[in-house]
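Below is one structure. I have some questions about it.
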Amino acid sequence: MKMVMAVIKPHKMDAVREALSELAVNGMTATEVKGYGRQRGHTEIYRGAEYTVNFLPKVKVEVAVSDDLVDRVVEAIQEAARTGKIGDGKVFVYDMGKAVRIRTGETGDDAL
Amino acid sequence: MKMVMAVIKPHKMDAVREALSELAVNGMTATEVKGYGRQRGHTEIYRGAEYTVNFLPKVKVEVAVSDDLVDRVVEAIQEAARTGKIGDGKVFVYDMGKAVRIRTGETGDDAL
Amino acid sequence: MKMVMAVIKPHKMDAVREALSELAVNGMTATEVKGYGRQRGHTEIYRGAEYTVNFLPKVKVEVAVSDDLVDRVVEAIQEAARTGKIGDGKVFVYDMGKAVRIRTGETGDDAL
Amino acid sequence: MLTGKKNHVVPVLAGLGAILWPGLAAAADGLNSGDTAWILVSTALVLFMTLPGLALFYAGLVRSGAVLSVLMHCFAICCVVSVLWLAVGYSLAFSDGGYANAFIGGLDKAFLAGVTTDSLSGTVPELLFFMFQMTFAIITPALIVGAYPERVKFSAVLFFSAVWLLVVYVPVTHWVWGGGWLAEMGVRDFAGGIVVHVTAGISALVFASMLGSRRGFPDHVRPPHNPGITVTGAAMLWIGWFGFNAGSALAADGNAAMAMLVTHISAATASLAWATVEWIKFGRPSVIGIVTGMVAGLATITPAAGFVGPVGGLIIGLVSGIVCQWMTAWIKHRIKIDDSLDVFAVHGVGGILGTLMVSFLALESFQGLGLAEGMGVGDHLWVQTVGVVSVAAWSAVASFVIIKIASAIFGLRVAEEDEIEGLDITAHGERSYDF
Amino acid sequence: MLTGKKNHVVPVLAGLGAILWPGLAAAADGLNSGDTAWILVSTALVLFMTLPGLALFYAGLVRSGAVLSVLMHCFAICCVVSVLWLAVGYSLAFSDGGYANAFIGGLDKAFLAGVTTDSLSGTVPELLFFMFQMTFAIITPALIVGAYPERVKFSAVLFFSAVWLLVVYVPVTHWVWGGGWLAEMGVRDFAGGIVVHVTAGISALVFASMLGSRRGFPDHVRPPHNPGITVTGAAMLWIGWFGFNAGSALAADGNAAMAMLVTHISAATASLAWATVEWIKFGRPSVIGIVTGMVAGLATITPAAGFVGPVGGLIIGLVSGIVCQWMTAWIKHRIKIDDSLDVFAVHGVGGILGTLMVSFLALESFQGLGLAEGMGVGDHLWVQTVGVVSVAAWSAVASFVIIKIASAIFGLRVAEEDEIEGLDITAHGERSYDF
Amino acid sequence: MLTGKKNHVVPVLAGLGAILWPGLAAAADGLNSGDTAWILVSTALVLFMTLPGLALFYAGLVRSGAVLSVLMHCFAICCVVSVLWLAVGYSLAFSDGGYANAFIGGLDKAFLAGVTTDSLSGTVPELLFFMFQMTFAIITPALIVGAYPERVKFSAVLFFSAVWLLVVYVPVTHWVWGGGWLAEMGVRDFAGGIVVHVTAGISALVFASMLGSRRGFPDHVRPPHNPGITVTGAAMLWIGWFGFNAGSALAADGNAAMAMLVTHISAATASLAWATVEWIKFGRPSVIGIVTGMVAGLATITPAAGFVGPVGGLIIGLVSGIVCQWMTAWIKHRIKIDDSLDVFAVHGVGGILGTLMVSFLALESFQGLGLAEGMGVGDHLWVQTVGVVSVAAWSAVASFVIIKIASAIFGLRVAEEDEIEGLDITAHGERSYDF
């Protein structure tokens, strides 16, 4: 099993969810995060004082998938999340040793 | 060392913390996340317009543990977080190469 | 490639970001989290009722780095985030199998 | 805006006499400090309806990236209207327009020329009447803010609101309250069912349809980001509406008390009606529903407040809570116009309903204060219908033209990526929440 | 509710004369536009106390999943009470009950039958007196909302509040202010220490104990989710209380000014007292503490506001800030009743304290405005005690029965999983914050 | 604070006669219930400015860890000042000081000794005049809260505010409004340009510079955490300011109406001016900008409100919106004092500007109500300058000394780690948001 973690633009969340559903991936966990990268933050000016905002709002999606699905999942996220503009984000993949479904105790691919 | 990551129902947080304390696991990191899965979201109706909420509030718990503890930790989380209803969540485990305690510079199991 | 994940005190975020910039690490993702550990939480008293707050606000930083940079990155975070007081946090490192930049499709170290 | 007396309601024109020739009125009445105190307060209450009342009511209903832009719209409209009202608005609405008086007032009182601290309107200072009326002029274009949030250009909002004030609000006010042609016909609009709610409601619908829907409408827009703020704003609207309706008696007397009472009863009844229908239809009543019912009840009683009795208030509340709710869904699902915060369905429909219902409910058999002498229900209903239809038509046509011009000069709508990122940051450089 | 004059306080019954026979009063006094202006405003202020004041005060103190449900409770209670007050409440409280008048009024004024814009109560329109009193009838059951948040069924709230209004609030109001048996005994309750705070406080305690505690009480409930909202609501309560207490003078005069002044001083002193005790006991004063002290000071001065002087205000503030604080802890830790937002400890205890202290502090030696002629402190204290005890007993018994019935028909408490998920989403289908 | 009459403005001292010898005034005028109603309301409105108005305005501008501490500062200052005002403040400001009367009043009215419900000030109860003035005494030190948020010790805030009230606010009030030396010179300050805004603005600057900057100032402080709250507070300030300025007419008449009108126009114009400059300079107008402009416009019109006409209001608004904005940047970037919420740049500068501009704008050629008989613009400008300079100097020196003492006894500043963690939790043990 692999854990696919993607950092994407917030308004692409729904598109990603739908793309994954089409692959029959029916679970994922999303987190609001702040991203720092090539995409520049902005400056806010209040009453003559400048405030530099370096971190931009992003959403992190984590999806645990079986080994055979992983490439298609990465590809699907990539397509759904792409706007072509800087700041579109990244997809990271790592190995996962074990997965358990709390409700039933199922493990491995069955747990996903 | 292993990283145990669990996605659970928010109100089970305290139970999980207590279960881990009993195993002498005295550190963990929790994040508010939104989960999508078999558990259906709900529909909110405002003034005749329907809004579908697909993602439900969950809490993600991350606990770094030594290899010998990992099974007991997974089990403890599973027990503490179970309600038996759909949406109870998952436990994922992965390998961790390194851990450092910032304050002291200790590494490995000592850092946890 | 490695994923470096650090849990630090919130006000150290800027220092860590700057320290990483000096290593030419120009991307990272930050999440607001709550940490439980040796650092004690506090008790809030409202109208004679006590509320125990076990989890303290922390920031989790995730940085994907190439293998050759990892040690320097860990060290830099450690230095920048240290106050010497309990609760300074941890750095965890794990292997990462794959990284993709969504915008361009670049993979591996190029994607970071 | 006129002081209905039981059994023999003063005809509209007489009330207007006091307004148009304040010197005369002063001679007859003199300043009454109690009335003046109440209208000073009512002025504050009606301003309070817009800032922060309406601003919060609307701000809670939008997504979190467009909160500040909604507040900005309401605030800036308030400022622009205030200056225009001083410059020419008040004069065009309430001074004598000479040969054109049926349609528009004159410019004699531009910048309040000749109006001193001694000038009276009825028993209160004319300066105070100016202020009280100004707060109505402020809230009316501010109501339209609910039609275009999350996607409109700020420059277009300013341009539209300023021109609309002068081309729609000011003339209609003159027609109905300033001695114009509708006043002469005997149209009754106690506190602004036509002048405020019909003009704003219709124009909102026009604006929303010309601007286009929010991205994702109707299925994928974000739900209200902070209903608690909306309830707070709603409560302020309720309180402020006492100034709006009971203040329109222009005196601290039994008529003001009755106007306050029926206003309150209509709000309460409409709230309950709305929530009950939700409970039946969806299995649970919502807090956004109940407060929307409240606004519907308040908008609907507005033209009638000085003419009906407690039972009239109950009936108006009941009808508005049911009809306006039905309209919110109908506009979205059938007409498919993204009048985002339901300005037409609540205010427009409410204003129309109330204006028409007053013809019945003012009857003494409904505990009302009576129709004008010599007028039957049929006659009166006809007059009211003419008022509603002509004002609706004028509002629609004029709004259409103003929006076309705004669109040509400034563009109406921001770029899609700005809409996505949110107007707070893209139009005003600010973020609504930084916890 | 009566205009205490220095040195020779008008006996309660005389004040009531103006209320019960407005025609008579009208003949004697005529409408005073200044007084009317002030009571119009006071009515708005007291409504403002409930919406949004109390609603926000309470909403900030609950966990974030039950914010909207608390707002909904306050809002819906306001609407239901308004309609009931019009239907029968006002009449039963303030019209003549004939042979049963010691206990309850009559139904002559149901739906305000026969009350016109010309009817007066003292120097203000009776319609306005109706409205002013209605705002008191609204806030009283709304206070009880603090006893049952996060776990109560909405249907039970509605049923309880409606029946309670008619069975507890209306009769007690008649006893004390409507010429009933307590009024005849000479009980003094200027603005509602007994009528409002004792009834609500006692009933809250009964409700909380019958409903059971929140899950996790006392050690694992969530702390107040947004104290800033609570402070906002508290500030609105403070402002609104000027209408409550100074409005109860029913005139814009020196008595109103004194009532406002002592109200303010008591609030300020009680706030400081509460914060000081916290500082000493816990090492730091909290903002929730200071505003709770404020409410305690305001509740406690309420029965006394028209009878005591500035020094009396200071003393009442000091006592209430200390005693009510002590009671909040005592109820939680000894009595172990989850009266979640401390309705009894603050309002009930405050109302009792103030009602009793007025017997001393009205003395001229404390700068007070004097006791009724021929009454000594002992006599008066006895009368006040009878008032407090009988009303407390009636409130407790009647609440117990109403809650039993509510429990049988609707059930009192939601399912545990609904409580966990939060009433906002489970009872009203809405979320309080979506950033 | 005095009732300017057109063409022959009553000299300050005559107005004060009514204040200093209320018995006399009573004989002449008697209580006017309309005036009394308006001042009862104005008192509520001015308190509303501080709680929750100013408190929310400020709370939205700080970082999220110091929200409650700002609310606590405003709330606690309100309470402390109220008690001190009763004890000695009012008496020292407004009673006759005998041989020292040029500088300070006497102690005859400490704890309101001898003031009864029958005592009058002009046409309103003296108890009410006491209350109305108290609300000014509350807001003035509360304004200074904007100088020191996020880092100050709570004990230092309390000590400073209490002593400052007695050493700065009370004497200056006596000088200007209580018959002291500036009143005798003919200084004009309608509603507190000098008394409120100059004293608070200068003292804020002194406090901020002695306290030191927030950690990270100027480049790394956190931006306003919740501008929506700030706008809410701003709107409340606007409404409340009607009580502040139009209430200062101490009557419900044409002067009150004019004061309300110019207040409103100045606020609207200054808002637009500020937003326009931002639009030009930074490419987009901000909502924090527009509401700050509003406050600048309100502060600047304050000393002038009863003396100028509508055109004067426009000019004052325009000037203040531009100058105060320029000053906010100048203080930060040139003077480098972390007057965190710009108390000096907005209130201090506004108060000074308005006080000086009144000498011109009161002229009838600007639609003003005229200068005092026999006074030319030059003379008057000189008097006003003396007023501003002397009060500014006294405020600076006295504040410096008080802060030194506070620093010695309590320390001014919390430990750096407490500042980092946030005053909410470290000083008050509470968290502002727990979603």
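Observations, loosely collected:
Order as written gives the chain letters A, B, C, D, E and F; numbering starts at 1 within each chain.
By definition in this document, contacts are C-beta pairs under 8 Å (C-beta built on N, C-alpha and C of every residue); 3 or more make two chains touch, one makes a residue touch a chain.
These numbers were taken from a predicted model, which means no experiment stands behind them.
Under the contact definition stated at the top, the chains bordering both chain E and chain F are C, D. In terms of the stated touch criterion, the partners common to chain B and chain F are A, C, D, E, listed by label. Interface comparison, D-F against A-D: more C-beta pairs in contact at D-F. One inter-chain figure worth recording: chain B and chain D are separated by 52 Å, centre to centre, where each centre is the mean of the chain's CA atoms. Averaging C-alpha coordinates per chain places the centre of chain A 18 Å away from that of chain B. In chain D, 32-35, 37-38, 41, 222-224, 252, 282, 286, 288, 429-431, 433 are the positions where the chain touches two or more neighbouring chains simultaneously. The set of chain C residues that touch two or more partner chains comprises 31, 44-46, 53, 94-95. Viewed as a contact network, the protein chains fit none of the simple shapes, being neither a path, a ring, a star nor fully connected.
Chains that are in contact with each other form these pairs: A-B, A-C, A-D, A-F, B-C, B-D, B-E, C-E, C-F, D-E, D-F, E-F.
Chain contact summary for the complex, chain D toward chain E: residues 6, 32-35, 37-38, 41, 45, 63-64, 222-228, 231-232, 235-236, 238-239, 242-243, 246, 251-258, 260-261, 264-265, 267-269, 271-272, 275, 282, 284-288, 290-291, 294, 309-311, 314, 367, 369, 433. Across the complex, chain A is touched by residues 2, 6-8, 31-38, 54-55, 58, 60, 74, 77-78, 81-95 of chain B.
Residue ranges on chain D touching chain B, taken from their complex, read 218-219, 221-224, 278, 282, 286, 288-289, 292, 325, 328-329, 332-333, 342.
Those residues of chain E that touch chain D in the complex are listed here as 31-38, 40-41, 43-44, 47-48, 51-52, 55-56, 59, 67-69, 71-72, 75-76, 78-80, 82-83, 86, 111-112, 116-119, 124-125, 127-128, 130-131, 134, 154, 229, 252, 427-435.
Residue ranges on chain C touching chain F, taken from their complex, read 11, 14, 42, 44-46, 53.
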